[in-house]
Structure formats: structure tokens, C-alpha cells
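Just below sit the structures, each encoded as C-alpha cells.
Note that subunit A is present in both complexes that follow, paired respectively with subunit B and with subunit C.
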Partner chain A sequence: MAVCVCVIGKDNGPIYMRSRSRADELSQTVEHNLSQMAFRGVTANTELQYNFIVSSALDIIEERALVGSSASGYKGNPSLHPSASGGAVGSIDGQQLATRELYLGALTAREEYKVYGYMTNTKIKFVIVIEETSIPLRENDIRTMFRKLHSAFCDLMSNPFYLPGSSINSKRFDAVVTSIMSGQ
Partner chain B sequence: MSRQSTSSRITADSKKVNSELFVLTYGTLVQQLVKDYESVEDVNKQLERIGYNIGLRVIEDFLARTNYPRCTDLRDTAEKIQAAFKMYLNATPSLSNVTADEFSLVFESTPFGEFTELPDACANLKYCNVLPGVIRGACEMVQMDVQAYVIADTLKGDNATEIRVRFIKKLHDALPAGED
Partner chain C sequence: MALPPQSTSTTAPPDELPLELLHGELIFSGILLSKDKEGDINELLSKLEFIGFSTGYRLIERLLKDSTRFKDELDTIKFICKDFWVAIYKKQIDNLRTNHQGTYVLQDNCFKLLSKISATKQYLEHGPKFLAFTCGIIRGALSNLGISSVVVAEISTMPTCRFHITIQRAT
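Our next item is the complex of A and B:
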């Protein structure tokens, strides 16, 4: 069960955040507060917690992305590695061309949460926090979620009235996130 | 919408323009107008004028391609406009509320509005307002004075997008467009 969905822009600033505590509401207020959050602290404790989880995941995303592009073998925990097919390398004329996989896999695992990441080639990052339940989610389900999110993001970018890089305030995008968080 | 199939669509037909490209282009045009003009009403007016100018030209192409004879009544005209939408936009509006001097073109969704969400500041924007302009311009070139306007818009939460066309009068020995 996804409890938090976050979109992070090119410059690592959050442009959309929605957590389950607010899932029934529209996230407008959440986004609004986001910029001040880091400095002022928030009333909602859980939101701060999610914010913290997502922020800490960013470092790992960066590291992962680097690994993907330099195409060196991943030497960490194999269970956290984004699957064997990730980071395929094609060698053309001695020049190394790496096709990075967008899906970055599980980033961190805490006791009660698992954090998954996805980065588009335009450096927009999606982070989904999954609450650990007795029935573990399959890797494929997570991929589907990210694909849905990515597709919704593409549609959003196609909206002529959306300014790229600004915080997301779209009913259509909200609806997709709601469907992701409610488990499709 | 599925972006997976894009690669197959690229090779489809070199004479046709990709609909997404077209939708994005139109969106940018509207967005730029919104930026340039202070009031949304002005934007609506400009869109209508753009459409009018398109209509003046496109009717020539339409008649040349289809070889349609003179219309007998307004229903005939409406059906031809319907055919033109199919031809140029691959959109098939349905006709409804056809009376002796009025009819409606109903689209299932707003043409060009596939990705658009109107911001609150543009609640009165008639996003597809070029279309009434095109109809007015085209009809004027065949000596028909009509009034066309958007009365329902899916972007504003209506079930369908509806363009109402009202016949006003027949133009006799009208000056060629642009000389009045």
C-alpha cells in the first residue's frame, strides 16, 4: 500500500507531495507548505516524517543514477539492486553508452516503510513510499505504479497552462495519484 | 494516453501531422495569447478572429476538394460543416437541435483540449474558440452571415462541447472579405 507519493524537480525541490494522511483531501495546502517546511517545521507530524524519508531517499537516487550512467557493476546489497537488466551497457566504437533504466528500485527499507525511486531522463524524480504489510508488493506492481505516474506526468507537461518546474496543482494528476495510493 | 505507440505513429502517414504536435501547438498559441492579453475576453475575441481568418481561406480548399454543390437548406450546410470537421480535424461532431435557422455541433470532448486543464484565472476562457471563428469565416465566403459560439465546454465540466451556429441572413453582393 502506497502511503506517500512525491515528485521532485530537476533541482531537487519537491514539486508535488501527497501522503496518505491527506489522501482524501486535495494536496494544494501540502504543496503550498512544502517550501517552508524545511525551515519552519510542520504541524502534521506524519507529513514531516514522509518529507524526511523522501529527502533522505534523494541522496540514494543520486548515487543510483550515477551507478547507472557510469555503468560500473553494482556492488551493494543485491536485494536492493534494480534488477539485473537495469543499466544495460552498449559499447559503440569504444565509447561507453549506458542506457539507464528509469526505475531505480528499492532505495531504503526501514522497519515499517520501503522507499522506491524512479528518475526520468529529464531528472524528474518520483518517490513512492510503501507501507510494509503482511503481503509484500511485487516488483511488477511497483513498476506499474511508476509507469502510471510517469504517464500522468507527461500529460501534465502537455497541459499548456502548466509551467514546467512549478508545483503541481492539477485535478487530473491528483486523480491518478489517488488511484495509485488506493492500490489501483 | 499511450506514449508507447508513438514510434509506430511517426511512420504512419507523412501527409498527416501528429495530433499531439498539433494539440501542443494550439495549446502554446492559446497560452501565449493569455499571457499577452490582460483580459480573458480579449483572448476569446482574438481566438475567434484567428479562426475567422482561417475560415476565409479554408473554405476555398474545402470546396475545391469536395466539389459540393450549393446548399439547399441549413441542415445541408450543417452536414457539410460536419464533413469538413471530419476532413480537417478527424473529429466527428454530431448534429443536434437543428431548427430552420440554428443548429448545434456537439463534440464528445473539447477539440485540442486533450491535455488542457484551465487554471482558475482563465475560468471564462473559451479554449476552442477558433472553431466558431472558422465556421463564421467559411460561411461568410459563401454568402452566409452566421453567428457561432461555444455554449458548452468539457474543460468547464460540461458533458460535451457544443458549438451553436445561428443563421442570420444571406449576404447579397457582399464585398470581398477584407475590403470592408
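Our next item is the complex of A and C:
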């Protein structure tokens, strides 16, 4: 299940961030406000944690995209090479041939999370953090999530009131993200 | 879907007309009829160019949704010549030339926004005004792809026009 969805702009600054804690907050009713206050500290903490996870994934996105564009000889930190990390996180053994795809595959695996990345041609990055559960998600499901997100982003870009590069504040986009976070 | 024949005649299917008419009216009513000084016209043209920039910037996002990542700059320009041009003008660029050092010349032998204008010299002086929007579109599309450029256009004989793209490299 996706616990965090993040959109990162051209200059690597986040333009949209939504994590499960906030999604829960939204679904909560007014009666729970008090208990929510008590949890606020915890919430801020997890938010920060997701922020950290996403930021650390950015470097890997850069590496992957670079490999994708040059496609041939890779001269970098060998431990960061997609095939090397591919072995570590598993399930992305086919990474080599997917280099020119927008979908970048699993980026890192932390204790209980897996981080997946996607970069559009226009250097907008999407990062989805998935919580590890007993039922592993299939690669195809992840792709579908990213495709949905990309479609929503394209719709957003077509909105003349949205200034490209500014932070996203759209109900329609919110709804898509909610469906991504709850749907799978 | 088969591409429509690239003729200059007035037999173009009606579904392609709205853009041409809208654009023609923008130039005619919006710019040519504002009988002011030269400076004013240039200001309006640069505004139109900016509208094109925005359009291209947003359009390329949508058009590239299902494509793979580009290999290099030439690959990007080729996309502009083919898919991008087809999306706007229902035809491809007829000729692409490059010096492989950041200059590209795109030639359209029958540019859609000029095709309804008399091919004689009568309106030749107004011709370039009809290209400002398209220059903006190209610049916007490239800019969103991380390539900053300068696009200028020239017309020699009426429905034929050339777009010169000069890539600005950070030094």
C-alpha cells in the first residue's frame, strides 16, 4: 500500500507531497480533533521521515536517468549502478533494458518501505513510497499508479490557472492521489 | 489515421479550420487593426509569442506522456518536427537541417497559418506576424524539455517558411 506520494519539480524542489498521515487526518471527523492534537507531534515526525526518504531517492533518480540517456558505458559508483542495486532490492532484474523508459523502477528499500521512481521527459519526478506488507505488490500495479499520476499531472498542466513549477493545490489532483493511496 | 494531403487548396477538412481562423483573427483584429505606433505592434507580437510559449510548454507535457526518454537533442528536435507538428498542424515539417552545433532549420513548405493568405507579394510584409505564435510554441516546448533556445522565422515566398532554432548553451 502506498503511504507517500510526492511530485518533485525540475529544480528538485518538492511541488506536492502527501503522506498517509495527512490522508488519515483528512478523513478524520471533528470529534477526533482532540486526540489528533496529541498525535500532531508524531505526525510531523513521520512527515519529516517521508521527506527524508524521498530526498534520498532523488540522487538515485538522477543516476538512473543518466544511465538511461547515455545507455552505454556506465562510469560511476558501481554500488549505485542499477544492476547492482537491482540485485539488492530484487524484483527489478530487468532494469537494464528499461533504461529509456519513464518508469525507473524500485529505487531503494528501507526497513519497511520500498521507494519507486518515475521521471517524465520534462524532468518532473514522481516518487511513491510503498509500505511492505505480506502481499507483495506486482510491478504492473506500480506502473499503473505512476501512469495515473502522470495523467493527472498532464491534466493539471493543461489548466491555465496552474502556473508550471508552482506547488500543486488542486482538488482533482488530490482526488487522484487519494485513489492511488487507498486503491492499492 | 492517414495524414490529409498537403495541398494548399481550400479543401481542408473543416475540423482543422478553427485554429487557423482564431489565429488569423488574433493577428488581424488584435494586432493589425490596432493602428498604433510600431512599438505597440512589437509589444503585442511579443505578447502573442509568450502565449505561444505557454501553449507549447503545456502541450509538450501532454504529448510526451507515452513516449520514452529522448536520446539527445537531435532526437528532441525530430519529435518537434514529426509528432509535435502533426498535433498542431496535422502535417510534418518538410525539411530539417542542422549544423550539429546547436542550430536547426525547420522548413515547412506549406505552413498552415499562411496557407489561406494570397501567395503574392501583397501581404508579404505581414507574413512574419503570423509566425510569432508558432515561434513561441517551439520555444516553449523546448524550454520545458530543458533546452533554452532562440527561435526566429523567415518567409521567402508565401506559404513556405523556415524556423531557425538556435540552442543557447550555458557557458
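Following the convention adopted for this analysis, the second predicted complex is superposed on the first by the 136 of 184 C-alpha atoms of A that agree within 3 Å, B and C clash if a C-alpha of one lies under 4 Å from a C-alpha of the other, contacts with A are read in each partner's own complex, and residues count from 1 in each chain.
We take it that a contact is a pair of C-beta atoms (placed from the backbone, for glycine too) under 8 Å apart; a residue touches a chain by one contact, two chains touch by 3 or more.
Predicted model only: the values in this text are computed from it and were never measured.
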Partner chain in contact with A:E101 - subunit B first, subunit C second, else both or neither: second
Which superposed partner A:K171 touches (first subunit B, second subunit C, both, neither): first
Which of subunit B and subunit C A:S158 touches, first, second, both or neither: both
Per-residue touch tally on subunit A - higher for subunit B or for subunit C: C
First (subunit B), second (subunit C), both or neither touched by A:A65: second
Footprint overlap on subunit A, where subunit B in one structure and subunit C in the other make contact: 151, 154, 158, 160
Touching residues (chain side subunit A, partner subunit B) in the complex: 151, 154-156, 158-162, 170-172
Subunit A partner contacts - residues on subunit C that touch it in the complex: 54, 57-58, 60-62, 64-65, 67-72, 144-146
Subunit C-touching residues of subunit A, taken from the complex the two chains share: 10, 65, 68-69, 71, 100-102, 119-123, 150-151, 153-154, 157-158, 160, 164
Subunit B residues within the subunit A interface of the complex: 1-3, 20, 23-24, 27-28, 30-31, 34, 114-119, 122
